[in-house]
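To keep things clear, I will list the structure first and then write my remarks on it.
A, B, C and D are the chain letters, set down in written order, and residue numbers restart from 1 in every chain.
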Amino acid sequence: MSFDAAYQSQKLKSVGTRPLRPDGVDKVTGRARYGADFNMPGQLVARVLRSPHAHARIVRMDTGAAEALKGVKAVVTAADLPDLTNGDAELFAVLDNCMARTKALYDGHAVAAVAAIDERTAKQALKLIEVEYEILPHVVDVDAAMVADAPILNDELFTGGVDPKPDTPSNVANRAEFGHGDVDAGFAEADFIVERSYKTEQTHQGYIEPHACVASCNPDGTAELWVCTQGHFVFRQNCADLLGLEVSKLRVTSSEIGGGFGGKTHVWAEPVALALSRKAGRPVKLVMSRDEVFRASGPTSATSIDVKIGAKADGKITAAMATLRYSSGPYPGMWAELGAMTSFACYDLENVKTVGFEVIVNRPKVAAYRAPSAPMAAFAVESAIDELAQKLGVNAVELRIKNAAREGTKSSYGPVYGPIGIGPTLEAAQSHPHMSAPLGKNQGRGMACGFWFNFGGQTCSDLNVNADGTVALAVGTVDVGGSRASLSLIAAEELGIDYKDVKAVVADTATLGYNDMTDGSRGTFSSSMATISAARNAIAIMRARAALTWDIPVEDVYWEDGHAKAAGTKYGNLSPLSVRDIAAESGNTGGPIAGHSELVADGAGVSFATHICDVEVDPETGATSIIRYTVIQDAGKAVHPSYVEGQYQGGAAQGIGWALNEEYIYGADGRLQNSGFLDYRIPVCSDLPMIDTQILEIPNPNHPYGVRGVGETSIVPPLAATANAVSNAVGVRMSHIPMSPPRILAALNAERD
Amino acid sequence: MVDVTLWGGLVPLADDQKTLSIEADTIRELLRKLQERYPALSGPIKNEVAVVIDGVIYRNDWSQRIPEGAEVFLMRRLAGG
Amino acid sequence: MSSIAVSTTINGDDVEYLCQADETLLDVLRNRLGLMGSKEGCGTGDCGACSTIMDGRVVCSCLVLGAEAQGRSIETIEGMANGSELHPLQTKFIEHAALQCGICTPGFLMAAKALLDVNPEPTEEEIRFWLAGNLCRCTGYDKIVRAVQAAAAEMRGEAA
Amino acid sequence: MRYERPETIMDATALLAQASDSAFVLAGGTDLLVKMQNDDFEAELVVDIKSIAGMADVVETDDSFVIGAAVPCAALGEHEALCAAWPGVVEAANLIGSTQIQGRCTVAGNLCNASPAADSVPALVAANAQARIAGPDGIRTVAVEDIPTGPGKTSLAKGEIIEAIVLAKPTDRSGDAYLRFIPRTEMDIAVVGVGVCLALNDDGAVASVRVALGAVGPTVMLCPEAAETLVGTKLEDAALEALAAACSAASTPIDDKRGTVDFRKQVAGVLARRAALIAFERAGGSQ
């Protein structure tokens, strides 16, 4: 169905207000049902056996004793999840990650699973599974994995993107290069050059809800899956592909989701639960423990990045270069490539070159984490920009404004920008009172910009007008942070009815057409587009019904302020018909009234943010406290401003945690040492100040209301903003994230010596 | 005629050309003709491609028209969080 | 293993159940009593999602044995509203958008209730430190703290 | 696993004495239940001591405070006389874990868990607290610092239970303090902890002092050589520097996920200095 997504300036009544969210009461009363809150009759409990080794060949496995244990109903290994991926490397990685085939590739890699009548029996059964491992040398560090004599994880992996094609295997899966101009010439022109290497450690999305599902395979080939996911349609496809099921016979229902941030964008254990159910002939519930979430579900990359920037004395950047190495776990992704694309995207550069190396290591398979790969690249680049400003003796905001990308700038990743919003965020930062507030002893201020590609994608929604004139809206993008409220506002706006007369739900895979995941900041952007389209389709039907009611041609009926109105003067005494009026008569005017929409929401547009951070550092202990924080970001149009602010604040908090304390810590044995919230230190309530937000609204030309995605960009600047603040507070450039107290104190000691 | 720029990973699959000239009015036509000319591009085009027209990224909408003189890039489809 | 019979009070009602010796109160609430509002985020007392109030003190129900509830009085999120009338904390959490995904919300509400029960006028710092055992990954805590402040003001009879 | 809830201390010690080695005392449970989450954990018996009369009470006598083994740390902070007498001990006890943990955890449990990073223990050791131990052979009292013998190991014999921690009433012109370092503001295990308890003479100089260090060795340790640096001083800068140096030197920490050797040694000195100043001020000292 054709749909004009172009922005139309109009006065909005509902959009931009802050009504109560429709799922609020369920969530404050404990009634909302998350992944682990669902049960089925006859349900079994699943537990997964995981490798204790970072890298080991599975020589032999004996599940006989476990199968013989009373109460055990099924045991599965890789043999029960045969390779049906047909050469699709990405899908094979998902499969092998769900259940190791020949080798365990990281501490926590699944090797077998059991389903039993209760947890106690399942745990006991795991202990009865005998696995003989041949322990292989491992490598967990991204730089160490690149050296010539590093242990090789995959003998069939040869570095892509280099010429000539190498003939020896490597942990470097791919080299990707971006840029334009001549960086050597640019550096030759520079009056000042900054050059430094940076490291960031691996972090986890840290959603509070562990992965959980209930799987039920029936003897007739149908199956059901209840699961916490960012995309139930994608999970359906993943599971159907991996288990050889027909897509239409697998019905997936998304539970309420207790946080995802990219970590619930592909399957981790759901195919295992389905395989257990298929084998046992009973429903199976599989809930990961927190330890399993950290050890075996996707963290983000650890990185090692070199940056070199040259500028003229007047502050104009003449050349910029970055080499970025991203770990991807044992399977290649596109993480380094994303880092290489985003690193200099904020700037207008004549000469720029970025090279990304995708490196496989014996760590869990990396998953997307909110603007994946961009925060680390921004940390390195924005730190270098800060250092450059100091070297040039110019204000850090002014330096950025001078070099900021604008409409017509050739981006560092290739295309030329249309209208973009980095300039306004920088100008807002420059005039923000935070920027000029006085600082005390041991305090420092930092700022940084961030860029992210938002995207849209395949989207489908249904809008049903009920007989009482209220509206049921069914969407297929999982609500991760209040989108049902936003989409209800959109429907209310378009139909001209009250927000409270719209009830939005997330439909399951059997009741709505395919939807891409809620990722790429697309949930509200794309589902709002589909909702507008569905509402307009419903309005077309309502106009027709009004025409029937009035017995006049439909061309003479127009829609305004939630009413069908007769055009012109010839039907002068016809009073307008409301949605309620039309709905009440629907049984006699052609039956139910509904609007559907199936569309591709492209044109999301790129997104920019600028953050300002103040810290205080205890010079004797290296402890950092965040004392003030401001987020400035373009939302296009904030549909429900409270939840836009929430996205800004949440992303900032995650970025601050990454900057200061969060990291995966491995022992010499390649095992993860901090697989819990005690020692994987996400920010707690007392760690943070209030987080100020400033929403800019520069309409997105490719959305009827001007909406942009807002979910991800807010995590991009905080690593750099915090690092710049700390560096400015202590007078030493901090180049290793997280800036844990031991790292800060060591840097201070080195400076004092 | 559209000048389309490939990302680095595709260049070896297109006779080592970074920029190609193709006669195409829509993304669909562009991608079809690219595959006809360089069959090795079929795999990436099926699964991995987004098309950028004058700075706007299209991941799915292959019916999008390509204006005369537009700047066109093939970019890898992105992952998001 | 034989089960232990426990008589306790949950949300004001007399409740009896059988549990295993090593079964946590959280598992009893969720798996035996159907009170699934208490969530398990970690199972080790580090996230607070399973917070319940036991004899007036907020505790992690994942770190209490079901058997220990004998003779105690337990409050869970399911008992927080008075029938269809929400507790001011519940109302303010919704009004202030203090939840995004909502998985941590029951725990925050129980902990915040325990705070306001003993300290009707907490400072921002007192709120932040009291709630430090409740992890939220979505909100950055800003709106949660504001919601608690607003609920406290309302409960004191002040205009929020 | 068997769960028992005896009503007398004799019954409790008898149960433990008869049990195998995998028997555990349950008071607040904030360490024990975490261990129980581990798939490899196995217990034959858990003895819940909370139903034993007196276990949940803080009793103030003429010359001491007797803190029952099942008193949750939150209750210590609610005990005005104890807070006034031993502010450092109470602050230390109130630093353990979150509000939720505070509602359950006990100082006796913190001691018996025998972690070198236990928050309340350096403060108790500095305060010269005593542990009253009930066992099959009756009651004995030992200094708190003699309970832990290594990470997770104690000097308690089979069947023995700490029934109370006893703190003598402090002398006039004395004060105590505990500081710990954690990366966040809450919820972490101490990377370094320092307890200081000192008393002043009539001139306002330090007459006696006890310094205890946590998380910088296999057990919480009393550090007499650090204490000596303060005796006779009014915590002048030189004395504080000497204290810091002595504490750093006495520290024998390890590198682990929570901190490095260098960091712990250095910060032990920093915290000792700061804690000493607080204790000195509480004792009524002025420089």
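The working rule: a contact is a pair of C-beta atoms (placed from the backbone, for glycine too) under 8 Å apart; a residue touches a chain by one contact, two chains touch by 3 or more.
A quick note: this is a predicted structure, and the numbers were derived from the prediction, not measured.
> Identify the chain pair with more contacting C-beta pairs: C-D or A-C.
By the number of C-beta pairs in contact, the winner is A-C.
> Whole-Å distance, subunit B centre to subunit D centre, using C-alpha means?
Between these chains, centre-to-centre, one finds 67 Å.
> Nearest whole angstrom, what separates the Cα centre of subunit A from the Cα centre of subunit C?
Centre-to-centre distance between subunit A and subunit C: 29 Å.
> CA centre of subunit B versus CA centre of subunit C: separation in Å?
Roughly 54 Å separates the two chain centres.
> Please list all residues of subunit D that touch 2 or more other chains.
In subunit D, the residues touching two or more other chains are 37, 185-187.
> Name the residues of subunit A that each touch 2 or more other chains.
If we look for residues of subunit A contacting two or more partner chains, we find 205, 260-261, 289, 677-678, 683-687.
> Could you tell me which residues belong to subunit B and also touch two or more other chains?
none
> Applying that definition of touch, give me each pair of chains that meets it.
Result of the pairwise touch check is A-B, A-C, A-D, C-D.
> Could you list, by residue number, the parts of subunit A that touch subunit D in their complex?
Within the complex, subunit A contacts subunit D at residues 123, 126-127, 289, 620-623, 625, 660-661, 665, 673-674, 677-679, 681, 683-687, 740-742, 745-746, 749.
> Please give the residue numbers of subunit D that touch subunit A in the complex, ascending.
These residues of subunit D touch subunit A: 37, 39, 181, 183-189, 191, 256-260, 262-263, 266-267, 270.
> Under the definition above, what is the set of subunit D residues touching subunit C in their complex?
Touch list, subunit D to subunit C: 1-3, 5, 26, 29-30, 33-34, 36-37, 43, 46, 48, 50, 72, 74, 97-101, 103-104, 185-187.
> Which bits of subunit A are touching subunit B when the two form their complex?
These residues of subunit A touch subunit B: 88, 90, 160-161, 163, 174, 176-178, 205, 260-262, 265, 333-334, 337-338, 368-372, 411, 413-418, 453-458, 519-522, 600, 602-606, 702, 711-712, 715.
> Quick one: which bits of subunit C touch subunit A in the complex? Just the residue numbers, please.
Residue list for subunit C touching subunit A: 20, 30, 35-44, 46-47, 49, 76-78, 80-81, 86, 90, 93-97, 99-106, 109, 124-125, 127-129, 131-146.
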